[in-house]
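Chains here go by letter, A, B, C, D, E, F, G and H, matching the order in which they are written, and residues are numbered from 1 within each.
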Amino acid sequence: MSTISVAILMGSKSDLPLMEAAAQTLAELGVAAELRVMSAHRTPERVREYVSGAPARGVKVFICGAGGAAHLAGAVAAHTTLPVIGVPLARTPLAGHDALLATVQMPSGMPVATVAIDGASNAGLLAAQILAVGDPELARRIRAAREARRLRVIADDEALQSR
Amino acid sequence: MSTISVAILMGSKSDLPLMEAAAQTLAELGVAAELRVMSAHRTPERVREYVSGAPARGVKVFICGAGGAAHLAGAVAAHTTLPVIGVPLARTPLAGHDALLATVQMPSGMPVATVAIDGASNAGLLAAQILAVGDPELARRIRAAREARRLRVIADDEALQSR
Amino acid sequence: MSTISVAILMGSKSDLPLMEAAAQTLAELGVAAELRVMSAHRTPERVREYVSGAPARGVKVFICGAGGAAHLAGAVAAHTTLPVIGVPLARTPLAGHDALLATVQMPSGMPVATVAIDGASNAGLLAAQILAVGDPELARRIRAAREARRLRVIADDEALQSR
Amino acid sequence: MSTISVAILMGSKSDLPLMEAAAQTLAELGVAAELRVMSAHRTPERVREYVSGAPARGVKVFICGAGGAAHLAGAVAAHTTLPVIGVPLARTPLAGHDALLATVQMPSGMPVATVAIDGASNAGLLAAQILAVGDPELARRIRAAREARRLRVIADDEALQSR
Amino acid sequence: MSTISVAILMGSKSDLPLMEAAAQTLAELGVAAELRVMSAHRTPERVREYVSGAPARGVKVFICGAGGAAHLAGAVAAHTTLPVIGVPLARTPLAGHDALLATVQMPSGMPVATVAIDGASNAGLLAAQILAVGDPELARRIRAAREARRLRVIADDEALQSR
Amino acid sequence: MSTISVAILMGSKSDLPLMEAAAQTLAELGVAAELRVMSAHRTPERVREYVSGAPARGVKVFICGAGGAAHLAGAVAAHTTLPVIGVPLARTPLAGHDALLATVQMPSGMPVATVAIDGASNAGLLAAQILAVGDPELARRIRAAREARRLRVIADDEALQSR
Amino acid sequence: MSTISVAILMGSKSDLPLMEAAAQTLAELGVAAELRVMSAHRTPERVREYVSGAPARGVKVFICGAGGAAHLAGAVAAHTTLPVIGVPLARTPLAGHDALLATVQMPSGMPVATVAIDGASNAGLLAAQILAVGDPELARRIRAAREARRLRVIADDEALQSR
Amino acid sequence: MSTISVAILMGSKSDLPLMEAAAQTLAELGVAAELRVMSAHRTPERVREYVSGAPARGVKVFICGAGGAAHLAGAVAAHTTLPVIGVPLARTPLAGHDALLATVQMPSGMPVATVAIDGASNAGLLAAQILAVGDPELARRIRAAREARRLRVIADDEALQSR
């Protein structure tokens, strides 16, 4: 579990409270990740250098969270052919509608795997699902987490029936 | 290239002209895929059975295209923990806005990797990127395709300069 | 009044405060209903089993509340030809716009009777109206409730005139 | 099959090509319906009189199609406690978004069962489903139609596999 | 000033805090108005009777405020050829977008003079402007109010310069 | 009928085919109007001069049609306290949504009576309704036109019944 | 630094808290600006006079902030060929969506350089960038501010790594 | 007129028919510009190199046109402090709404001067206005073009009056 296999990037440290959910979901599944602050606009060189060097550090999937004219996921995708997951963040008065469209409507040849607005936890899970394609043990842990969720819904249903 | 590793599902045969772009992109990258018509609403059992049996056939990633209240990707995600890619299709007067929201806004624990409206080609490429995490040769082909795109843009630029 | 004739389903127990209004409206009209937590994505088998077995328990109408990529009503509709009422819930930053489109824009052959965003009370009333097509006594109670509302508006108007 | 049990209303005769799909779906299920042109705004008295007199003629469900500031379903609902189904029509540059909101966002106590934009066929099916709550033979025909749709999707899938 | 010349209608007494601004604006301009609660859906007969009888009481302009599937202005317009002003109210999670479209997108032959979301004060002013077409003294008071606004902006500007 | 009482302004001569419907509706009601091309942005002085001089020519109501960031109605309102009717035109890829918001969301003290997107005919009728507040003969003609519309809907309904 | 080179206009003094960010950004870059309250609708003459006289006072760029049917930037643009920057403000229930469209969708020949909703600080920076085209020293200060931002992001990233 | 002072960039050669309007407007004003095809995603290095080297070639303003998740203007802004003008293009089923939000909603410190959807001609004019701040002769030509537009509107108005 020591090598970093997922890089979680965000454009501003103010995105940290939202994006930490991705790291937590990955940690629960035993996947090592690192959280980094870098900006497609303010530190484009740093994004490029980090993305270029990431495979050598073991990174296999990127998660990028950004709000407004959310370009971070696209900027990362421009420098790698590894899978890039985008998390549109609700940071402006438009409630994430802007970030959703700026993240998902990518041109041909440059996909960003977009999850729900503020959906950092699902981004972590999707990254794990991608890694699990080649990691049966991780796949098993993901199925166990799925099963736990299933049982929780059933328990909630039963609690409601017996109230 | 003989084993199927990507399943491309669509809710209606009328989606075929749009969704074939995913199969074509995968074929160009040497990834075997199959196109299937099945509906989250009209054939829910068939979706469940197909998804449950897909891993045994070698399927590692699902691509699901649907319009309107696009539930197919979510319905597939409910039956597997393999990565599921959703393609919102512009099939109603709302121009795909409905399909985009119905595909991307998934609840916690159930991500769908959403690409652009009508973005079937990018869905194919994303599926290949996911498979390439564990397949260096496929990764090489993806990088070559990326490089070809890069050169095409440069050629277009040069043609424009010399006109 | 002892047999359950309306099933009120919600995807998460956190939807209970909103969805209880449907049960309350039905109770005021003397219609027995049960509130259940089950998820189109987390417990698809349970949804299928519940829906399949519901007619035997007397269920004649389903009410389904969900937010975001709201698939519950559609998933229920896929397993029954009884009327299904969908309540889009405002649970994401998009204020229910996502749930509305994911609920109402259903494909041909699979209608969901959609009510207003967060309109659980109206969903209860609509279920009662459907049952009342074959139940003159229930129809009478619905008309009485309508009349009571009418008088309340008139009373409000008169109170305003005399202030 | 001779008594009218569903009234299909539209605000303008130009809505007829869209709304006839409701009548056709009902006819295929053996449900007698009548198509009527009346306007919430241009002929409010006529709407009121028709709706008041409809039960005596056997009408048990209303289907109302309208575009723009689509008020017809709401105006009918104001005069009856029978179930009212609304079909938002894409008749303005806003592509039915206006009609959808004007139809579905009804106030408490006055539900309109809204189907998809231009979804007249589903409106017919929903009306039949409502009538079938008390008509086992109709319920059987609806299930048969559902099964036929299911088989059609399977046939489409098989045709795709064998091409 | 004793005869009522403007009727200010709202669908629910909960709209009163918003709609009183219309009455206040009219009062400041010396125009007599009455505030009434009546609902297009809950009390359609009362709306019809009130509107039919209003001219005899001196009413020359209607102001109608409603939220959601805002039909009140349209329902009033259906019963009169006097000018009808619609105020879309932000009463649902859609922030008045629904009420705006349901108010303004009226069909041919049935205009509603729509003002801004929650714009009751402007509705009052517009009613006064309409009355002032035939009332030079009222026109003079409106121009004076306009001039007062102009001076207030200039005073604000000067206060800002001298801070 | 010789004095002009309604001024119909448009920002560009390309708006003429849409805006002529206002003139035609007014002509049918016996109201004299003039169509003018002037732009809030390209000829602001001309707008100001025309609006200032219009009352002397008999103008009592303005109708302004514009698309995109539709400012013409607001610019006219800034120079007069006569009633101003705005017609948002669908002239950009946003299908009139931009023009609607730019026309209707006016600030306090500056109402624009907004009609439907591309609703020039209704703008003409609204102008006539405003003039008719002080013109019983015009009011009679408007009621007759309303009655003719009513009869047309009834005739359409009867034609449908007898086909 | 004593001559005013940027005019920051707003339609209402209530916009001051939002618009002061433009002045502050300019002050940090050593650019003299003045904040003024004037309204496209309430004080159109004052806008015209101010804009006409501004070049003589040294003004080279205008920044205009307004909400709702935001016309101020367009009204200023109508009276000058100097660059005009528009700041759409989120002042209505539509969260600035109305102001964005009313500001940016200007007709041919009349551009408004629009920045993000509530983006007054960026408006200030853009004004400085425009002035810096002819002012190498200002350009140097802008680059220094850019560099400071870059270093801040890097510091945030390093702080996150070392926590 | 020989030195290039405006760079007009587009993400794909298919944008050329729309973006040539910018070049044409600049040419009419005597401003030298060059049209280049380069992509924020497909050729990020080339964008960086071109932008870095552009000042040495005389470029003072950038115009960037892109559709969908339109990142080109933002990517250019990340590499320069010269003014960057963004043209959102209507290239997807969302009719430019996606490109508008992805272009205008830029984060603090990184403005993009956004013009209307498909507004390439206005982008050219805005670039000229920016250059004209320090070029009185160009300013004169811009004012002459403005005057020509003004006269055209007046001529259109007069032609309409005399038809």
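One rule holds for everything that comes next: contacts are C-beta pairs under 8 Å (C-beta built on N, C-alpha and C of every residue); 3 or more make two chains touch, one makes a residue touch a chain.
The structure displayed is predicted, hence computed values, not measured ones.
Its interface matching that of D-E in over half of the contact pairs by residue number, A-H stands out among F-H, B-H or A-H. For the pairs F-G and D-F, the count of C-beta pairs in contact is higher at F-G.
Centroid to centroid, with C-alpha atoms defining each point, subunit A and subunit B lie 19 Å apart. Averaging Cα coordinates per chain places subunit A and subunit F 52 Å apart.
One simple way to say how far apart two chains are is to compare their mean CA positions; for subunit C and subunit G this gives 49 Å. Residues of subunit B found to touch two or more other chains are 12, 39, 42, 68-69, 92, 94-95, 97, 104-107, 109-110, 112, 116-117, 146, 149. The part of subunit H that touches subunit B in the complex is made up of residues 12-13, 16, 34-39, 42-43, 46, 68-69, 92-95. Within the complex formed with subunit D, the subunit C residues making contact are 60-61, 81-83, 85, 100, 104-117, 119, 121-123, 125-126, 129-134, 139, 142-143, 145-146, 149.
Listed in rising order, the residues of subunit E touching subunit G in the complex are 90, 95-97, 116-118, 146, 149-150, 153-154, 156-157, 159-161.
Remark: subunit D residues 11-12, 39-42, 44, 48, 67-71, 74-75, 77-79, 92, 94, 97-99, 101-107, 109-110, 112 touch subunit E in the complex.
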